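Shared between the two complexes below is chain A, which has chain B as its partner in the first and chain C in the second.
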Partner chain A sequence: MSKKELRRGLAWSFVRALIGCYPHLAVAGFHRYSTYRSAAVAALTTNTAFGLMRIAVLFSVLGSRQQVAGYDAASIASYVWLGQGLLGVVILWGGHELADRVRSGDVAVDLARPWNLQFALLAEDYGRAGFAMLIRFVPPMLIGGMLFDLRWPQQEHTWALFALSIVLAVAMSFAIRFLLSLSAFWLLDARGVTAMYGLLGGIFSGLTVPLAFFPDWAYDALWWTPFPSLLQNTIDVFVERGSPLPLLAHQALWTVGLLVIGQLALRAAERKLVVQGG
Partner chain B sequence: MSALIVADRLRRSFHISHRAGFLRRRRTEVVAVDAVSFTVQRGEAVGYVGPNGAGKSTTIKMLTGILTPSSGGATVCGLDPAKDRRALAARIGVVFGQRSQLWWDLPLSESFELLRSIFRVPKDSYQERLDECVELLELTPFLATPVRQLSLGQRMRGEVTAALLHDPELLVLDEPTIGLDLESKERLRAFLADLNQRGTTLLLTTHDLDDIERLCGRLMVIDHGRVLADGPLAELRAEVVTERTLVVDLTEPHPPLTGLPGVREVRTELDGLRQHLVFGRSDTTAAALISALVDRVAVHDVSVAEPEIEELIRRLYKRTTVPDAMTDL
Partner chain C sequence: MADRVYLDILGSRFRAQLSYRTSFLLDFAAQMVGQASELVVILVLFGRAKEMGGFAMHEVLIMYGIAGVGFGLADLFVGQLDELPRLIRTGQLDVLLLRPLSTLAQVATGDIQLRRLGRIIAALAVLVTVLSTSDIHWTGPKLLLAATAPLVGAVIFGAIWVVACSVCFWIVDGRELANTVTYGSNMFTSYPITVYPPWLRRFLAFVIPGAFVAYYPALALLDRPDPLGAPAFLSWCSPLVAVAAVAVAGLVWRFAVRHYQGTGS
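Now for the complex of A and B:
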């Protein structure tokens, strides 16, 4: 073997060691969720029905006006169907498996593995999100596109930015849920905080009404929280509402920040470690 | 032989807070494991037994690094479990009888593949061990079945395989046979015994004396967080259980079968249809007693009742507290 080959071989094994088991876990995450196809179809049906209701409400708000808070009819239609589609990808409600595992003590198994628990679960969540894109995001967008005039990206690079924004939103949703789940190490049960998060998340992420409909002070205040980055920012990137850079920067900063806090919390939890149950 | 596990005055206490009036809470300390010390040599098979709440699982958690000791320390495979949990995880296998390390929604074989990635096991050595487990534990019929659809016995065989794929030096099993039927228990025990024969060190907690009997050369008894006894099972039993009981079912009622050599006490049931013959372990053997019996009466069935694990522990416990009792006198 020549020196060059050897160096390349070493570099390759270094990369492999660095990425480790995580790509495999992402594939497994995809596969795990694909086994629940009928559940996904049921959720899709509900999403679509709620989409039709929400669009009716928002159109009546719009009334005879050309636009409200910068949203015209096409933007509102896009907003609603993107929201319905992304809901299952980003996950605003549920997805607290880890909290249950902490509560039951099954987390002992997760901690007895040579991996970084946060990276491992994030990888699995990306796999899940990938499956959700196919079955929860694409169909409502197609249905919405057939029934309504949607606003599609005018510039080609918006599609790439939109994809990046989804990648960030999924990581952010995961980072928040990871932190909430870890709170079970101290609270012994995270159901209170996850329920509260479900309530706030729906409103403050911009799922119920666009955040631009909020009074200015509320809109400004929300900008200091991670909530807009869960959903609203991704939608706004798609409908090209202003420059995408602040939207993506907000997402990136909050995502990285929350993931780092998650790592620190994980270390603290490991030190504390009251693994419950026999 | 070299030491694989060294536990040095391992202690773990938990704080539990109680309500003590309106808004007031009182914290009490509960000691789960109290200054436990022991050494396990490479290649040994050790049974770690005790009643519920004795501190078995807490000790296991400290040895595997998922619980930090309140004081004292341990060395496992030359590592400090609390500090090097991840490095240690790659060198030991852990089976929790009541928890699963498999992916619930995925086929069993896919869980194995994932574990291969997580533990970074080279392809050929992985394949070799997997093939062996598949053959010995007869996994083929359900390798493609999602784990949630497996029976408990099938799942446990999967769990044990999952714990062995990275060729651990030490296999820790926490209640591996809990809830299994007799056949599944026996199959698992035979596999584990063979594994130990070939050099893997075993440490298992159990409620089931048969697990110990079949698998473990050595027994450690723990209760209330302290090691009550540590030694070969036969020795411990001989030491604390000096009597055994032969239970005889006769074909027809019979007066108490007194006068048999070595029998210290006779109890009868069902008008003498069933008789319990208590004999000294050192005075006679069950075989000698049975042959003496068949000369006298028509015997339908016999069985030897060994003391249950709880009974053994009770006696061991009594033994260790005897000196205190004597000073009181």
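Now for the complex of A and C:
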């Protein structure tokens, strides 16, 4: 082996050590999720049924007017089908397996592995989200596009910003679920807080009604919470509602903030964990 | 004799649920919040519109209230059917089939969740408030209608639930499909059927008899003719529809159980 090859080999192993197992975990997450294909068919039925009802209700609010709170018919149609599609990617309900592992104590094994648990699970979640884009996001958008006039991005760079917004939303949804799951270290059972989060998330993330429909004071108050960054901001980037910068900044700040809090909570949880026996 | 057995089963389940008091209270509150969040949606929508499908806010809230109480009661009594796929997959259903008791009643009483009272109480509070503040010309029949509409709605929802869950005998993981029908019906019935496009309305209002849960009883209470042109007596027909729905549900359930062959594992 020449010196050059040796140097290249060393550099490569350094990069591998830095990135570590996380890309593999993302691929594994993608594969693991791809086995749930029949569940995706059922989910498409649900999304379509609720999409049709939501759009009817919102259209009746629109009535004969051109627009309500800045949403015209095409934006409302896009809002509804984007929401139904993104729901399966940026999951609001479920995804609390870690909480079960904390409750059962299996988390001790997870913490003992040579990885950062938060990064590892985030990588796996990105794999899951990648597959969900194909199987949960695209079909409702196709159905919505066939049945309604949707508002598609007018500017090309909006597609890139939309993609970035999804990447941030997935990370933020994960960061919140990670914190909720870790709460089981102190509460023993995270089901109460996760149930409450699911309920609040359904309405405050902008899934059931566009947040702009809320009274101004409520809309301003929600802006101080992470909820708009779960769905509404991503949808608004797509329908090009105002400048995308504040929307993406809100997402980025909350995502980073919640991930950092998650790291601190993880440290605290590691100190709290007592492994008995063995 | 059989009644005694069910009461004993229920009593033990209730005691078990109430023994984790904090957890129970949290779940109870979550059910209330769940029902209240649907109320918030309606209030927000009416902040942006004077009417929906030709109906004012208090009129929609009457429908929401009747549908909410009806759905809550059905959820309380037959919501356990959501567990059917698990019972089938694990073979626990076979045990129930062997006992000399009604299978449906066993599944239903197997795990009645008292926390679901939270949803019922929240919806009932809204219904009573709206009915007492609305300008309704009360008569004897209308009082009777107001008192029975949520119960009749519960029976219709219950029948829908049984039919939807019967699908699980054929589809391995049919829970989500069944949930779409049941929870979807809950959303559908909370709004006047005039907001939906005709083809969706025909299916969800009349094939699945969603219109008879809250829409028609509300019309009768408000003395409003149906904007869609249905004759006035239809507004009083929900109990008959409920009886028919139960008959259909009974037939479907029997047919499903007869054709059940186990998971073979």
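As a convention for this text, the second predicted complex is superposed on the first by the 262 of 278 C-alpha atoms of A that agree within 3 Å, B and C clash if a C-alpha of one lies under 4 Å from a C-alpha of the other, contacts with A are read in each partner's own complex, and residues count from 1 in each chain.
Definition applied: contacts are C-beta pairs under 8 Å (C-beta built on N, C-alpha and C of every residue); 3 or more make two chains touch, one makes a residue touch a chain.
On a predicted model such as this, the values are computed, not experimentally measured, just so you know.
Look at A:P114: by the touch rule set out above, it reaches chain B but stays clear of chain C.
In the superposition on chain A, A:T35 contacts chain B only, with no contact to chain C. Look at A:D106: by the touch rule set out above, it reaches chain B but stays clear of chain C. In the superposed model, A:L52 makes contact with chain C only, not with chain B. Touch criterion met: A:V61 reaches chain C, while chain B stays clear of it.
With both structures placed on the common chain, the touch criterion links A:R271 to chain B but leaves chain C unconnected. Contacts of A:D189 after superposition: chain C is touched, whereas chain B is not reached. In the superposed model, A:P215 lies in contact with chain C only, and not with chain B.
In the superposed model, A:L25 lies in contact with chain B only, and not with chain C. Shared contact residues of chain A with chain B and chain C: none.
Those residues of chain C whose C-beta lies close enough to touch chain A in the complex are 23, 26-27, 29-30, 33-34, 37, 40-41, 44-45, 47-49, 51-53, 172-174, 176-177, 179-180, 184, 187-188, 191, 194-197, 200. For chain A in complex with chain B, the residues that touch the partner chain are 17, 20-21, 24-25, 28, 31-33, 35-36, 105-106, 108-109, 111-115, 120, 270-271, 273-275, 277-278.
Of all the residues in chain B, the ones that touch chain A in their complex are 14, 52, 57, 61, 64-68, 85-87, 89-90, 94, 96, 98-101, 103, 105-106, 110, 113-114, 117-120, 146. Interface residues of chain A facing chain C in the complex, by the touch rule stated above, are 38-39, 42-43, 45-46, 49-50, 52-53, 56-63, 68-69, 189, 191-192, 195-196, 199-200, 202-203, 208-209, 213-215.
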